[in-house]
Amino acid sequence: MKKILNDPQAYVDEMLDGMIAAHPEIYAQPAPRVVARAGGMRPGKVGIVSGGGSGHLPIFTGYVGSGLLDACAIGDVFASPSAEQMAEAMRQANGGAGVLRLYGNYGGDVMNFDMAGETVELEDDIESSTVLLADDVVSAGPEEREKRRGVGGMVYAFKMAGAKAEQEGADLASVTAVAQRAADACRSVGMALTPCVVPQAGKPTFTLGENEMEMGMGIHGEPGIRREALRPADEIADEMIDLLLADRPIEPGSRVSILVNSLGATPQEELYILFRRVKERLEGAGATLLQPLVGRYATSMEMTGATMTLCHLDQELEALLAAPCHCAFWTVT
Amino acid sequence: MAITSKSLQAAAPRLATRAVEIAEEMNAQDGKLGDGDLGVTLRKGWQAVAEDAADFPEDLGKAFLSCSKAFQKVSSSSFGTLVATGFISAAKASKGRDSLEWLEMAGLLAGARDAMMARGKGALGDKTILDSLEAATKEVEGLEDPAAIRAALIAAADQALAEFRDRPNRLGRARMYAERSQGLDDPGMLAFRRLLDAFAEA
Amino acid sequence: MKKILNDPQAYVDEMLDGMIAAHPEIYAQPAPRVVARAGGMRPGKVGIVSGGGSGHLPIFTGYVGSGLLDACAIGDVFASPSAEQMAEAMRQANGGAGVLRLYGNYGGDVMNFDMAGETVELEDDIESSTVLLADDVVSAGPEEREKRRGVGGMVYAFKMAGAKAEQEGADLASVTAVAQRAADACRSVGMALTPCVVPQAGKPTFTLGENEMEMGMGIHGEPGIRREALRPADEIADEMIDLLLADRPIEPGSRVSILVNSLGATPQEELYILFRRVKERLEGAGATLLQPLVGRYATSMEMTGATMTLCHLDQELEALLAAPCHCAFWTVT
Amino acid sequence: MAITSKSLQAAAPRLATRAVEIAEEMNAQDGKLGDGDLGVTLRKGWQAVAEDAADFPEDLGKAFLSCSKAFQKVSSSSFGTLVATGFISAAKASKGRDSLEWLEMAGLLAGARDAMMARGKGALGDKTILDSLEAATKEVEGLEDPAAIRAALIAAADQALAEFRDRPNRLGRARMYAERSQGLDDPGMLAFRRLLDAFAEA
C-alpha cells in the first residue's frame, strides 16, 4: 500500500485535523467529522449541507466555504457518516431559514441523511429538504434515472445552490429548486485505469490488467460497462461525450459547462489533452461552452482515471456558476 | 411477564456479547460481496446499547429511542441505520407505555419491517433483513408465550435463509453482483439469525 | 504506460492546446511552446519569465497570470525548451522595463536561458537578469549551495517576484532583488513512492520495491539519500523537516511559510496528514507559520510522493506572498 | 583555399548525412547514463543547418550565426546549445570577413572551447566535448594544409576518447553516475569523433 499515512484507522481524523490546521480561516470542525464554515452561519441564510465517505477531496468537506456549502458530515473512507454526524452538520448549518441536504445518491448516505433530517426536524425544529445527485449515466438506464449514482455533478450543484443561498432573501424552497435544477442538468461518466487503496482495507479496490482500462467505472470501483485495452485520449473523450450526449442531447443554441475531472493520479496534463478533444466535440455539436472546469474536483485518492460531467445551463444556473465563491480548492471572484 | 425497559436492559448485554462472538463471521460474510463491516457494525452498535442500558428510562418508548440513538451514534453502515430505524418504530409504538405484551411482538416486528422498508427503499423479496422480519412477523403472529415466540423467531429466521439462499440479492452492495450472490446467505439475514441465539439463552 | 494520451510526441502540444482552450481569459500561446498572459504585457512593467521541461503542472506555464509570471517557455516532458523559445518568451514579457529570468537550476535550462538572454539583449535590446532556484537541500551540500536543483521554491519565488513586479514603479533591479531573496529564503526536500512515465520514453523514470520509498529523491527521479521501507507519515514529515531545519534553522521569532506538495498521485488527504505533523514541528521549533500551501503546486505527472519547501519570510516577502494573484491554479484575493 | 560561406554551405549536407547515419548509435550511447537524445539533437541540428545553408550570406560571420540559429531553433539539449554557442564564437571571430585562413582553425576551435566552457560552466578534465576540443586545438595548432588538419582532428578526437574512457564523467547528466561512467565513452566526445568522418570524405 503506497500511501503516506500513520494508523489507517486515523486516516480520516488526521486528514481533517491537517485540513483545518492548514485553512483555519475557511474551515472549522465543531464536532468530530463535522466540518463547518470558520465564520459560522449567517442568520437568515438557508443552510446547505452535504456529506458522504472520505477519500474524495475536495468532495465533500473541501467545498465548505462562501458561495458553496455551510457544513459537511464525513465518514470513513468510502463509508457513510453516521446519522448523528449528519444531524450535527445540519445543526451547524441552521441559520433559521431551513437546511438543504445536497449529496450523492448512495444507499447508506440516503438512509442516514433521511434519518438525520427527521431527527433535527423533531428535536431541533429545523425545516429541511433533500436534493440528490444521480448523474452517473452508466449506473442505471434513463427510465431509472433516480437510481443512478451521484458523482461529479455535485460540484455544479454545490456551486449553484451555494451561490443561490448567498442571495439576499433566498428561501429554502428557492434554494432547493435551484439545487434540483442543477442536479437535473448534470450528466456524468467515468473511466478508470488503476485503483486506489482504502486505508482500512489495505488492498486495491479492483484490479485491471497492465494495459487495461474500464469505461464507465464508478468512483469507488463500481463495475462499468466494458474492460478493454487502453485507448487513445481522443477516443476515450469521444466515447465519454457520446455517452453523455446520448443521455441528454445538445439542443440548438445550448449553453453548457463541462467538468473534466481527475480521479487523483491522472495528471493535469492529461486532463488538458482530454479537454482539447471534449471542447471540439461539444462545439461541434453546436453547444456554447462556458466556464469549463478542468482539474481535481472529485477524486478517489490515488485512483488513475477521469470523469466528465456535462452541465446543461439555463440563464440562472449560468449566472450562479459565475458567482463568487471561496474555499481552499476553488475561488471565483 | 411482558416487554419492559428493564427487560430491554437485561437483554442488551447478552446481545452485545453475542455480537462480539459473531463479529468476525459477519465481517467475512459481508466481505464476500460487500464492504465487510457488518460485524463491526453489530459489535459497536450493541455495545453502545449495552453501555447506555443502565440509564434506560422507565418509559418503554424512550428506552427504545435510547437504543436507536446508541446505534446512530456509532454506526453509519446500512444495517446499523436500519436497526436504529426499527427501534424508532418500536419507540413510536410504545410511546408513553411502561410495557408491551408479548402478544404485541408481531406488531412490533411488522412496524419495524415497514419503517425499515420506507427508510431503505427496499421491497420484500430483495433478499435482505426485511425478508427475515417478514417471515418472523408471520411466524409469531398470535403467540403470547415468550418461549414459543423465541422458537418461532428462530424457525422463521432459518426458513427465510433457506428460502432466499439461492436467490439473487436485489438491494445493498451485493446487488451489483446479483449472480454471484446466489448460493450465499445475505449477511443481514444471517446476522438476524445469529443474534436470536442471545434470546435463546435467556 | 497507464496514461491518457494520443501520440506521445504530441503530449506537450496537445496539453498546451487544451490548457489554453480551457482558460482563454488567462493564457495565450503566441508562439509554439511559449505561453504568455492573455491580456498581453503592461507597458512599463518588469517582465518575469520562467521555463523548463513539461510534466510539472502547474509549474511552469500554469503560473502565468496576474501577480505571477508574464511568460514561459516550455520544453518536452522533463527537457529544456530551446534557447529560441526562451528568447521568444522574453520578447513576450518585454514591457520595456526589463525581464527577469526566474527558473530552476538545471544544466540544460541554464545554458539555454543564458543564450536566450544574450540573444534578446543583442537583437531586441531587452535588458535582463537571472535568478536561479537552487533549493533542494539534498542535491548538494551547503558549501555548494549554488549547485543544488531547483524545486518547489519556485512557487514562492514566482509569487513574491510576481507580486513585486505588479507594484507601480518596481524596476528590474528591485524585482530581481526580491526574487533573489525569495530564492535564498527557500529550502526544499522531496521523497518518492512510485515513478512516472515520460511519454516519449514510455517507461518509468525509476523503480522502487513494492513497499519502498526513497527519501530525498528529485522530481525527475534523481537519486536521493536513502531507499528504505515505507515509513509512517509522521516519521516522513519529521525527517523532511529535520533536513530542512538542519540546512537553515529557525531563529527565535521566525515567520515561515511551508509548501507541502504532492508530486501528482499522492492525494490531498495524505498531504493534510503530513501537514498536521509539519505544523506541530514548525511551531514546536518556535516558528510562526503563515499562509501554508498544501496541494499540487509542482508535480511530476503521476508520480507518487511529496515535497516540502520551507520559506523563511521577511516582512516584505510575507506581504508579497499575501498579495493578490490569479492563474488557473492559484487565486489570492 | 580557405574557409568561406560557400565551403560551409558545401559541408553542411555532408554533416547532416553523417548525423543521420550516427543518430541511433549516439542515442544509445547517451541513453546509457543520460536521456538518450543526443542522436536526435545531432540529426535535427545538422539537418536544420543544411536546410538553411542555401541562404547563407557571403559574410562568414553571418553564415556562422545562421548555423547557430539553426541549432537553437530545433535543439534544446545541452549538446545542441553548446554547438550553437561554438558557432556564435566563430561568428564573432569572423565578423565582417568573407573568409578565414586554414591556419586560423586552431583559433576557431579554441574560441569555441572557451565559449562553450563559459556557457556550460564546465572545466577541462570533466570528460566532455570540451576535452575533445582542447585536444583538437593543440593538434591543429600551426597547421595550414586542410588534409593535415583533417588528419590531426581525427587523431586528436581518438586520443581524447582513449585518454578519458576510463575516467568518470564530472558534468552533464552522466555525472550522477560517475562510477558507472568509467569505461564508457562520453557521448558528446564520441559524436565529435564520428562527425569528423564527414570531413574526411571531403
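By letter and in written order, the chains are A, B, C and D; residue numbering begins at 1 in each of them.
Please note the rule applied: a contact is a pair of C-beta atoms (placed from the backbone, for glycine too) under 8 Å apart; a residue touches a chain by one contact, two chains touch by 3 or more.
Worth saying up front: this structure is predicted, and the values here are computed from it rather than measured.
**Student:** Looking at the contacts, which chains touch chain B and chain D alike?
**Tutor:** Chains that touch both chain B and chain D, as defined above, do not exist here.
**Student:** Just knock out chain C conceptually, keep positions unchanged, and give the connected chain sets.
**Tutor:** Excluding chain C but keeping the rest fixed, the chains that touch end up grouped as A, B | D.
**Student:** Taking each chain's centre as the mean of its Cα atoms, which chain lies farthest from chain A?
**Tutor:** Chain D.
**Student:** Using mean CA coordinates as chain centres, what's the chain A-chain C distance in Å?
**Tutor:** Averaging C-alpha atoms per chain gives centres 29 Å apart.
**Student:** Centroid from C-alpha atoms only, then distance chain A to chain B, rounded to Å. What do you get?
**Tutor:** It comes to 33 Å between the two C-alpha centres.
**Student:** Quick one: chain B and chain C, Cα centre-to-centre, how many Å?
**Tutor:** Comparing mean C-alpha positions, chain C is 57 Å from chain B.
**Student:** Please output the residue numbers of chain C that touch at least 2 other chains, ranges allowed.
**Tutor:** Residues of chain C never touch two or more of the other chains.
**Student:** In chain D, which residues are in touch with two or more of the other chains?
**Tutor:** Not one residue of chain D touches more than one other chain, so the list is empty.
**Student:** Taking touching chains as linked, do they make an open path (line), a single closed cycle (ring), a hub with spokes (star), an all-linked set (complete), or other?
**Tutor:** line
**Student:** Return all touching chain pairs.
**Tutor:** Pairs flagged as touching, ordered by label: A-B, A-C, C-D.
**Student:** So in the complex, which bits of chain D are touching chain C?
**Tutor:** Contact set of chain D toward chain C: 35-37, 69, 72-78, 80-82, 84-85, 119-121, 171-173, 176.
**Student:** Under the touch definition given earlier, write down the residues of chain C that touch chain D in their complex.
**Tutor:** Chain C residues touching chain D: 75-76, 78-85, 107-108, 110-112, 114-115, 119, 201, 222-223.
**Student:** Spell out the part of chain A that touches chain C in their complex, as residue ranges.
**Tutor:** Contact set of chain A toward chain C: 2-6, 11, 14-19, 21-22, 54-55, 57-58, 62, 193-194, 196, 211, 230, 232-234, 236, 264-276, 279, 292, 294, 296, 299, 301-302, 304, 306, 326, 331, 333.
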